[in-house]
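After this come two complexes, each holding chain A, first together with chain B and then together with chain C.
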Partner chain A sequence: MSAYMTGIIIILCLNIIIAYSVFLPAAAGQLNLGAAGFMIIGAYTDAYLSSADEGLGLPIALTIPVAALFTGLVGFLMSFPILRTRGVYMILATFAFAEIVAGIVLNMEIVGGASGFPVTTHTELEVLLPVTVVVVLFGFYLISTRFGLSMRSIHDDENVSLLFGVNTHLVKVGAFTIGAFLGGLAGALYGHQFDYIEVQNWGILFSIYVLLYVLIGGTQTPWGPLVGAMFFTFIPEILRAIGDATGIELFTELRFAAFGVIIVGMMVLRPEGIMTRTFLELLFRKSIPKSNIKLS
Partner chain B sequence: MLILQQLVNGLMLGSVYVMVAVAFTLTIGMLNFLNFTIPALFMVAAMITWAATAAGFHWLVAAAFGMIVAILASLVIERFTYRYMKAKYGDATEHALPLVSSLGFLIIFEHVVIMIWGTDPMTFNSPFAHAKFEISGIIFGIPQLISLALSIILVFGLSLLLKKTQLGRALRSIAEKPDTATLMGVDVGKIVPVVFVMTGFLCALAGILFTVNYQHVSPYIGDHVATNAIAGMVIGGLGNIWGAIAGGLLIGMVEVLSIHFWGADIIKVPVWSLMLIILVFRPAGLFGHTQIGKGKF
Partner chain C sequence: MSNVLNLTSVEKSFGGLKVIDNVSFNVKKGSRTALIGPNGAGKTTIFNLLSGIYEVDSGNISLDNNDITQIPARKRINIGMSRSFQNIRLMPHLSTIENVMLGQHHLANSARENFFPLGLIKTNKWAKLAEQSLIEAGLDTYPGQVVSELPYGVQKRIEVVRALVSNPKLLLLDEPAAGLNSTETKELQILLEKASSSGTTLLVVEHDMNFVRNLCQHVVVLNFGRKIFEGTPDEVSRDPQVLEAYLGGNDNNAS
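== the complex of A and B ==
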C-alpha cells in the first residue's frame, strides 16, 4: 500500500471515530459543536501519560483507554450543564466548551502550551484500524439496543418519548458521555499516528467539519457518520485526482469551494442526510409499509 | 493614562464587534437561525474593498463595491438556507439544516477568496492613516470615532425601524410566529430577505470599517471577529439588539485590556467560561429579560 493511501486511511479512521463521537448525541437530538474539545482532552491526556521524555512513559495499551475514560468522565460532568440548553443554545454552549478546553491547554506549560507536545510512541495502522472497526460495530450495536431506540425516539420527539416513559435525561447524558469517550479515543489515537499534537489543529473549523460529517451523513441511522466521514475524506481527494488527471489547474484549486457547493446542494436535495431509513430500506429491498402517512 | 488610551482603543474595536453581533442577533432573533455566513460576508466586503482600491478605484467606490457584493451574496444565501428551513419532519436536529447550508457557504466564500487572492495578509493603504487628534494625551483616530458613532447610530435606527414602522412590525410578527404572521397578512417570503439584506449591510459595513481602521485584510479576518461577536451577542442575550451593543463593546474592551495586561491567550478561558455560564444559567443574557419568542428587540 502506498504511503498516500495509508495516509488517507489513517485520516479516514480518525474521522470515522470522531464522527461517531458527535453522532451519538446527535442521534438523540443534541447537536455538539465541541468535538475539538474532547479530541484535545483525549490527545493531551494520552500524550502526557505515554510520552517517554516529558510525560510518564506508560504503555499505550493502558494510556489510550485511560485517556478515553477520562474524556468520558469530563463529558459526563459537562453534560449536566450543557444539556440544560437546547437548539442554537446547545450549539453555542458546546462551542464555548471547546474554546475553554483549548484556552486551558494553551496555557498549561506542563504539556508545552502553544508550542505543542511530542508523542514518542508511534503506531501504524495495526492499532487504529481494529479500534475503528470496533467503534463502528459498537455504534451499530448501540443503535439496535433499547437504549438506541430511546435515542431515536428522543431525536424524533422528546415530549412524546417522555410520555412513553423514556428517561430522556438519562438517555441524553448517556449518549453525550459515550460520545465524549469516543472523542477522547480519537484524540488519543491521533497522537500516536502523527507523533505531535498541538491545540491549533483543533479549532472551530475542526468542530464544524465533524458536525458536517454527521449531518451530511444523516442522523437517523448508524450508517450516517460512516458514510459522512467517507464522503468528507474522499470527495476532496477525488476532486484533486480529477484535477490532476485532466490537468485543469482550476479543478484542484476549486475543490474546497466545490465541496461547499456540494454541502449546500445536499441540504437542498437530501436535508436528512445521505443515509436515511427509507433509503436503507430501498437499498436492502425491505418491504416499505404502504400507508397514507407520508414517510420522510 | 495608558489605561484610558487602551479603554478608548477597546471601544473602537468593540464598535466593529457591535455591528457583527447585531447581525448575528438579528438572524437568531427573527429566524432562530445561527448564520455562519456572517464571517464570510465580513471578509468578502473587506477583501473586495482592498482589491478595488488596489486596482486604482477611489476607496469610497471600492467600499460601495464591497457592500453591493456582500448584500447580493447575502440574498443568494437566503435563497439556499432559510427557504429550506420549513419544518418538514419536525424532529430535533432539523433546525440545523440552514446552519449546515450556511457552513457550506462559509467554505465556498473563503476558498474562492483564497483562490483569487491567496492567503497572505494584505496591507490596505488607508486614506486616513494620520487623521487623529489628541485630548490630554489620549489619541483618538478619526476613522475609529466615525465608525463608533456610525455603529451606534445605525443600531439606534434599526431599533426605531423595528419599533415604529410597518416593516418593523412585520419583522417582529415573524419573530413571534411565522405561521400566525402569514395568517395576519404578512408576506413572509418577501419580508425574510429584508433580514438578510440587513445582515449583509451590517457585515459589509463592519468589514469596510475594520479594513479602513486597521489597514490589513486577509481571508481569515472574519473568523476572529465573528467569534468575538458571538461572545458579545451571548453576553447581551440572543435576539436582543441593545444587548448586542453592550456585549460587543464589552468584548472589545476586555480583549484590548487583557492583551495589554496578560497577553492574548489567557483571556479565552475566563471569557468563554462566562459565555458557557450565561448560556446555561441565564440564556436571556446579562441585561435583558427578553427571551426567544416573546418580547424580543
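== the complex of A and C ==
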C-alpha cells in the first residue's frame, strides 16, 4: 500500500471514530458542535500520560483507554448543564465548551501551551484499524438495543417517550457521555499517528466538519456516520485525482469550491442525510411486503 | 363492581383561567366510559392531569384506590395507565414494530433488557410479542415500515396498539376515531372491544357520538371545565343541559 493510501486510511479511520462520537448524541436529538473539545481532551490526556520526554511515559495500552474514559467523565459532568439547552442553543453551548477547552489547554504550560506537545509512541494502522472496526460495530450494536430505541424515540418525541416510562434524562446523559468517550478515543489515537498534537488542529471548523459528516451521512441509522465520514474523506481526494488527470481548474484550485457545491447539493437532495431508513429498505428490500410496494 | 379510577374535586387553572373546576367522577373497573363535551370543555386537560403531564392544583386522583396525584408522569405507566393522543404522536422515524416495542418499555426496563441487541437478533421475544399484537389488530402487513409513510388511519390504530402492549389497567384514548373512515372506525371498535373483553378499562374522549353509543356504557359530560352530566349514552342525548351545551340554550340571544 502506498504511503498516500495509508495516509488516507488513517484520516478515514479517525474521521469515522469522531463521526460516531457526534452521531450517538445526534441519534438522541442532540446537536453537538463540541467534537474539537473532546478530541483535545483525549489527545492531551493521552499524550501527557504516554510521552517519554515530557510526560509520564506510560504504555499506550493503558493511556488510550484512560484518556477516553477521562474524556467520557468530562462529558458526563458537562452533560448536566449542556442538556438543559436544546436545538440551536445546544449547538452554541457545545461550541462554547470546545472553545473553553481549547483556551485552557493553550494556557497550560505543562503540555506545551500554544507550541503543541510531542507524542513519542508512534503506531501504524495496527492499533487504529481494529479500534475503528470495534467502534463501528459498537455503534451498530448500541442502536439496535432497547437503549438505542429509547435514544431514537427521544429524538422523535421526548415527552411521549417519558410517558412510556423511558428515563429520558438518563438516556440523554448516557448518549452524550458515550459520545464524549469516543471523541476522547479519537483524540488519543490521533496523537500516536501524527506524533505531534496542537490545539490549533481542532478549531471550530473541525467541529463543523464532524457535525456535517453526521448530518450528511444521516442520523437515523448507524450507517450514517460511516457513509458521511467516507463521503467527506474520499470526495475531496477523488476531486483531486480528477484534477491531476485532467488539469481542469474546477478540480484543481477550485477543488473545495466544487466540494462545497456537492455538500449544498446533498442538503437539497437528501435533507435527512444519505442513509435514511427508507433508502436502506430500498437497498435491502427486507421488510416491505410486495403488496405494499406502490406501482406508480 | 369497584372503581379503577376516582377523581375527587379535581381543579386546574392556567393563570386566571379555571380550566377544570371541581370535577369528580369514577370509572368502574372493566367498563368502557366516554368523556365528552364541546370544544374547550377540558377533556384533553383531564387526560393530561391523569397521565401526569399537568399537576392538579387541588383535589386528587386515585387508581385502584391508591392516590396517584403525586406520582410523576414517567412512573404512571408502571402502575397501569397508558394513553393515546389526539394528534398522532407516533415516533415518525421508527418502524411500526419499534413503535410498538416502545409501548413495552416499562415491562423490559432492566439493564439486561436495555442492552440486548433487539435489532440484530430479530427473533427475540419482544419483537414476537409486538408482531403478535399487530396481527391481532389486523395491522400485520406493516411491521418493518417507517410509520411516517403509512396512511393516517393505520397510524391511528398503531397508536392504540402501542398503548395496549403496555398491559394497562386503564387505557386513555384521546379521540381515537377522529379522522377515520367508517371501515376504519369499525375496525378500531373491534380492537377496543377485544381489549375491553380481556379486562382493560377504557376511558375515551370522542366527538363521534355514534362511536360512543356503540362502544361505551357510561358517559361523563364536561362543559367549561365542569361536569354537567353523567349517565348512559341514551340518557345523555335526552338531557336538556347537555343539549344546551352542544346546541345553545333557548334563552340565548343569537338573533
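To be clear about the criterion, the second predicted complex is superposed on the first by the 285 of 296 C-alpha atoms of A that agree within 3 Å, B and C clash if a C-alpha of one lies under 4 Å from a C-alpha of the other, contacts with A are read in each partner's own complex, and residues count from 1 in each chain.
Here is the rule we use: a residue touches a chain if its C-beta (ideal position, glycine included) is under 8 Å from a C-beta of that chain, and two chains touch if they have at least 3 such contacts.
Keep in mind it's a predicted model, so treat the numbers as computed, not measured.
Looking at the shared chain after the overlay, A:Tyr141 reaches chain C, while chain B stays out of its contact range.
The partner of chain A that touches more of its residues, comparing chain B with chain C, is B. In the superposed model, A:Phe97 lies in contact with chain B only, and not with chain C. Of the two partner chains placed around the shared chain by superposition, chain B and chain C are both touched by A:Asp157.
By the touch criterion defined above, A:Ile216 reaches chain B but does not reach chain C. In the superposition on chain A, A:Pro271 contacts chain B only, with no contact to chain C. Shared-chain residue A:Leu149: touches chain C; no touch with chain B.
In the superposition on chain A, A:Ile248 makes contact with neither chain B nor chain C.
When the two complexes are laid over each other on chain A, chain A has residues 155-157 in contact with both chain B and chain C. Taken in their complex, chain A has these residues touching chain C: 140-141, 143-150, 152-153, 155-157, 159-168, 220, 277-278, 281, 286-289, 291-292. Per the touch definition, chain C reaches chain A in the complex via residues 51-53, 73-78, 82-83, 85, 89, 91-95, 98, 101-103, 105-106, 108-109, 113-120, 126, 141-146, 149, 162, 166.
Of all residues in chain A, those touching chain B in their complex are 26, 28-31, 81-82, 84-85, 87-89, 91-93, 95-97, 99-100, 102-104, 106-107, 114, 154-158, 204, 208, 211-212, 215-216, 219, 253-254, 256-257, 259-264, 267-268, 271-272, 296. Put simply, chain B touches chain A in their complex at residues 28, 32-34, 36, 80-81, 84, 88-101, 103-109, 111-112, 115, 223, 227, 230, 234, 238, 265-266, 268-269, 272-273, 275-276, 279-281, 283.
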